[in-house]
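Okay, here's the structure, questions in a sec.
As written, the chain order gives the labels A, B and C, with residue 1 at the start of each chain.
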Amino acid sequence: MITGLHLENLAIRRGERLLFAGLCLDLGAGEALALTGANGAGKTSLLRAIAGLILPHEGWVRFVGARGDLEPEDARSSGIHLLGHQDGLKSAGTAWDELLFQVRWTGGTEASARAACRLLDLERLLELEVRKLSAGQRRRLALARLVASPRSLWLLDEPMAPLDSERRHLFGHLMGEHLASGGMIIAAVHDPLPIPVRRLDLVFS
Amino acid sequence: MSGLWILFRRELGQTWGRGGGPVLALTFFACVATLLPLAVGASPARLASVAPGAAWLALALASLLSLERLFERDFEDGTLDLLALGPAPLEAVALAKGLAQWLANGAPLALLAPVVAVALGAGLSLVPMIFTSALIGGLGLSFTGGIGAALSLGSRRGGVLIAVIVLPLFAPPVIFGAGVIDAYASGLDWRPALSFLSAYSLAALALGPLAMAAACRNALS
Amino acid sequence: MFQALANPQRFMAFSRWAAPVLAVIAAGLLGWGLWLSFSAPEDYQQGATVRLMFIHVPAAYMAMFCYACLGAASLVGLVFRHVLADAAARACAPLGAGFTALALITGMLWGRPMWGTWWVWDARVTSVLVLFLFYIGYMALQAAIDDETRAARASGILALVGLINLPIIKFSVDWWNTLHQPASVFRKGGPSLPPEFLWPLGVMALAYMALFGALWLVRIRAEVWRKRAQSLALQAAG
């Protein structure tokens, strides 16, 4: 269980370009952060660096648990959900099979997957192949993974873009519950999130 | 561990099911074998002398076919991100993928290999040996090939690139695999060749996942 | 020495005079080596064609030596994530491929009068051919990935895979050769060479080494300049 995230003097480079440098940030349990900034400012890269997929050019990402610092590998293998533009759902599989694999792989169970489907109103879609889902339905299926397998840090890249206003409201509610149970959220967004958040604006360095 | 088992079963299903699964590789194998008599002539004596080697060559080529999909799809659709954040390290993920590739692709090819060799004129007595060598060698081909597949992630023109990277590395298993059958057919001691082949495959099994995982991390970064 | 050269600026300062010095040494040694080669007595069996040996054998050594350099540079590049090591690996591959091609071509030219054929599927020839193909694959991988850092890592991993695999390939090809051609053209242990042949061989080997060093430094310098030009262009673009 991750209860705190610290970015210390973080710098990220893509190719020859330095996206940003000297980024410091502390996030505690129950806090949410909205990342804003122009296209190419490094929002996605920052999320991927926190997830450990990108090595920072300088600085550290530290995870804190109930009993002090966590090994980054342990924190990432059991404490982080990353939901980016690609959701990892195979278009040929049925929605249920794809979701069930993702949920089990990230530490959830079949029962929790069922519950998440009820919550996100997915039950009628489960027998369909993923390729037949609309963008919004597909995103809801991806979001079901976050709800079904409990991981404390959610890293979301434009999570609400394909959702309609009703579903946005629902997702806001789910995010609120996650925060209330001690979770953390960092979301790269263009539109404001429907929950109280801190904001971090990434500007070109 | 249970997470890895889930992944392995899924990979097996994916490899078996995606794009026609092993049927495509098997058909390709049969096609290459069919072209051989057309290229070198149908004289039984000539064909029989090259049958074991030709079967092994076709096997190596056929095992290249499905490599492109081993990581590429997962890389493009974001599954690899998910796998990197799972309960098992990417090395274990690569191991599961390689084993699934071997079982769903290498094993069917190993079953077809004796049929192809016999059709080309190899003796029936060679059948068990051809199957054994193809099965053991297939393990090495899967894991060596997997390295090429992981390295070419994110590159332009993956398929041809994988072949160019991987085929030189296929020299030892082809030599030892065809050598086993050759030695057995001519009544020589075939055990050294089979031990070399097994050693190669085990080394690929042990070291391949390390290289694949490193290559995947690099592609994701 | 390595520590000091790891700093790009110091490397540029060092290579600025080291490259021409090595080039001069290479030219001198090449001249001396060629003179020795042509003044060496003719072999009683091979006649004048033995002189091809002085070009061919050192090239074959260099083919492997370059690979060792490539492997070492790749290892340093992967472990320490050092830009200069990546540049060194990148600069090394075409040189290695060049020496390997030289070894193959001179081998064919030598094989024609000696064995009566341009090409023999001999163990050594086959190993060198596989090495050549491997160099090509390495360069193809590097060229196919757009992002340079990622290309350097991927090809670095491939170089290490090759470092483990090439000896295995060499062994398997040797084994294959004993299986298919019991009477090899080369005697086991190699023919013992008279000293008047050893001298030109040694000098030519040193000349190749110096030539490789000079070319390698020049190519690494070119890599560094290219990177600088690129980042300047990026800066100018905003």
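We take it that contacts are C-beta pairs under 8 Å (C-beta built on N, C-alpha and C of every residue); 3 or more make two chains touch, one makes a residue touch a chain.
Keep in mind it's a predicted model, so treat the numbers as computed, not measured.
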{"item": "Pair sharing more residue contacts (C-beta pairs) when A-C is set against B-C", "value": "B-C"}
{"item": "Taking each chain's C-alpha mean as its centre, the one farthest from chain B", "value": "A"}
{"item": "Chain occupying the middle, per Cα centroid", "value": "B"}
{"item": "Centre-of-Cα separation between chain B and chain A, whole angstrom", "value": "37"}
{"item": "For chain A paired with chain C, centre-to-centre distance based on mean C-alpha positions, whole Å", "value": "49"}
{"item": "Chain B-chain C separation of Cα centroids, rounded to whole Å", "value": "31"}
{"item": "Chain A: positions in contact with at least two other chains", "value": "none"}
{"item": "Sequence positions of chain C contacting 2 or more other chains", "value": "147"}
{"item": "In chain B, residues with contacts to at least two other chains", "value": "221"}
{"item": "Of chain C, residues touching chain A in the complex", "value": "147-149, 227, 230-231, 234"}
{"item": "Chain C-facing residues of chain B, complex", "value": "147, 151-157, 161, 164-165, 167-169, 171-172, 175-176, 179, 182-183, 196, 200, 203, 207, 211, 214-215, 218-219, 221"}
{"item": "Partner chain A, residues of chain B touching it in the complex", "value": "3, 6-7, 10, 14, 17-18, 73-74, 76-89, 217, 220-221"}
{"item": "For the chain A and chain B complex, residues of the former touching the latter", "value": "48, 51-55, 73, 76-78, 80-82, 84-92, 101-102, 104-107"}
{"item": "In the complex, chain A residues that touch chain C", "value": "15-17"}
